[in-house]
């Protein structure tokens, strides 16, 4: 095995929008995209598997084992085709981040993706009252396009670590354009519903949909469970070699 | 060299059961499977070699050098064919865990394995009076199958690190089913005979065999010797780069 | 992706001089070569991309994302053809350093490079009043050639870490000769203009050009901005696995 | 580049003895074999190069750069053909140790080597008055063969880290036999002449040669210089990612 996308079902698409959000700081990226996939009733069409993920296997509440993976969904919203990628893991080493990003971009290129939105968290290291949504773009034209939304382009973010940055930086080399949306979050919260909602509101606006947030709390609680287990793991089984913070950023 | 299975003798089998237990927490997995192989008079049919193992060579009591490896055994019990894998090492890095698990699964697939039992330890970080045996399964049907045995499915294990989890998680993608049995252990014992015996009792039941535990203490003592030497090594030769705790989990 | 040089424009050259300076201690190497490229109005002809760079994507002041890369420039000075390589990253792991150095040398060999000058910083761990420029060469003949310049060959440098050493050490195996110029710097300054200027003065002499240093401060300030952001990153997003000091040496 | 042996001159040999000693604890292995090569007037026939070595380039006393490498020598002593390998580096990561050992074994197999002697140090963590030479063998027959020499087979060494163990453990799989000789050393000495001499006396006996130790002190001093520079490097340029103690063992 290396890194590969396994499709359960192929879809014929026309320049779809790609939205990515994986496990990371405050779990903002993953919670956003997982919530979007559920609310928009997106269909799971495949998954990305990689030996660059940490060598864990998750035990869920039914004591059933689940491999780490990134799920790929498809949905049409208001006539716009959208592919979503969300999942419980990022690469556990540096080269892995590049390899997984390139694998996603190969798929995106095949599907003729022209726009990418990546979602993550940005840890402030302090309490955050009203979380802002920071933006970083591949080009100034894209910045203009997103200017009317509730996105803060006046921030101090100097770099984006992990797939949320790489998809855009490397995607730009293939002619794709896009934006990274980073929900401001304390950084010490396992899961940050306020920050997640702030980013979702921007997405709601951009996709022109109405989201019912009432189930967001469940979603958040669920991922909080997983993260608590992860904490236990570190205490009970020792911390694996490369589960650096990096694995949970972006 | 990469990772490969070298067979001394090939066996014709019909959907055998695969049992795995390698060096890990409390040495429960390895001690269990090594004990089973001896008591059931299983025949060694080959070994798995990998450059992902730590770059050690063991000096045994006769001052003879032994390379790290995983031994593969075969035995027929009550008309049931069983392949056992036990050994003194797991991978020393993240990708290595995946590569070794896939190598074992390639072999398992070739041999038409349909069921896998992986054995390991789960460190509580505290004294354990009566060690439970925790179970995690690939699917609910398998859970039902094992429900009548002395397995605790009401535990807090959130993830399994290393090969014991990966064999099941990745094996399930190839249509194999199975269970991970984790002997509860303090985590600070080099070798835990009580925990080992608890898991062996479950295996005794499942395989419908009678095990004579009188030699278990020797087995445990022997592996304790090896582990003490390992401790010495860390003091005398420096701790190698990637001998993370991860290498001794699962 | 692995490591590759992407040329925007190919140039016909005749035994050009290769000058390298990447992100490192006191940012001396990168600031020198980036300054030279600008002042000599060198033309960008391509870039080196690698999955061995750290998995960051930089957010610049316009909030536009920039992938890590090394830029390649070409210029003719006083009838002498020069190729310059400067950039914001070195490899983030050991093998990566070798792979990137070999990639640059493949390119250099194709272009029939016979001489290489690598520029870096050497951290003293103490205040430096008048920074010296330390030299280390591939051979004694080259040492003689550079003897009349303001280079200190009476120093304590025992080894050069990263690409500035490897390009020369490995290049020598391909018949190339050259010198490493290391600007003495405290080591705790993000960017050291004094040390940078000291090395530039040697280059000015060697290339027989006149440099206007008035804009050096801007250059330095600019890179200082980037480095400050990097510091923020470490606090806000966690420090990535392999961003060892090594990544910023040489 | 990966890992390769570059021969300057090929030699026709008949089942030569292979002797290995690389940079490691107390620098015993390297100092022994480097001394043997000099005293026996062995001829350099090639070198092993690898991107698994640490990404350093050494600056020697003339300020000339030297790449890390392992040198291969050939000499005939008393009608016995001997190949020697010594050098300033071991692999800087786990897989690298295996890859380099296998490369040496490929060469050894081609040359029909049947016996290997590896030399290293064993750190006691305490003052050593009269250093013993510990032995570990591939098989009991070899142990018998070396029994009459001044080798201590009654020690506590549990494992050998790095190439000195791997060459024997992996070599045994190819039908080669041999012994590891570990000079007892405090572990905190950069270079240990007493331990080096203890091992040399065993070699003197085994090879039936007379060694003049008067120049050993120079040899030791020389390598001490290199090691001191290495210490400086760690302070002045930061410690590279994978220069674990492992790199200096065996």
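Each chain gets a letter, A, B, C and D, in the order it is written, and its residues are counted from 1.
Just so we're on the same page, a residue touches a chain if its C-beta (ideal position, glycine included) is under 8 Å from a C-beta of that chain, and two chains touch if they have at least 3 such contacts.
This one's a predicted model, so the numbers in the text were calculated from it and none came from an experiment.
Visitor: Determine how many degrees of rotation, between 0 and 180 and to the nearest 5, align the Cα atoms of chain A with the equivalent atoms in chain B.
Guide: An angle of 90 degrees brings one copy onto the other.
Visitor: Name the chain whose C-alpha centroid is farthest from the C-alpha centroid of chain C.
Guide: B
Visitor: Could you give the separation in Å between the centres of chain A and chain C, each centre being the mean of its C-alpha atoms?
Guide: So the centroids are 35 Å from each other.
Visitor: Nearest whole angstrom, what separates the Cα centre of chain A from the Cα centre of chain D?
Guide: Chain centroid spacing, chain A to chain D, equals 50 Å.
Visitor: Among all residues of chain C, which ones touch two or more of the remaining chains?
Guide: In chain C, 93, 242 touch at least two other chains.
Visitor: Quick one: do these chains touch in a line, a ring, a star, all-to-all (complete), or other?
Guide: If you draw each chain as a dot and join those that touch, you get a single closed ring.
Visitor: Name the touching chain pairs, would you?
Guide: Every touching chain pair, ordered by label, is A-B, A-C, B-D, C-D.
Visitor: Give every residue of chain D touching chain B within the complex, in rising order.
Guide: Of all residues in chain D, those touching chain B are 25, 91, 93-95, 97-99, 102, 122-125, 135-140, 143, 153, 155-162, 165-166, 168-170, 172-173, 180, 187, 242, 244-246, 248-249.
Visitor: Sort out for me which residues of chain B touch chain D in the complex.
Guide: 1, 49, 51-52, 54-59, 62-67, 92-93, 96, 226, 228-230, 232-233, 235-242
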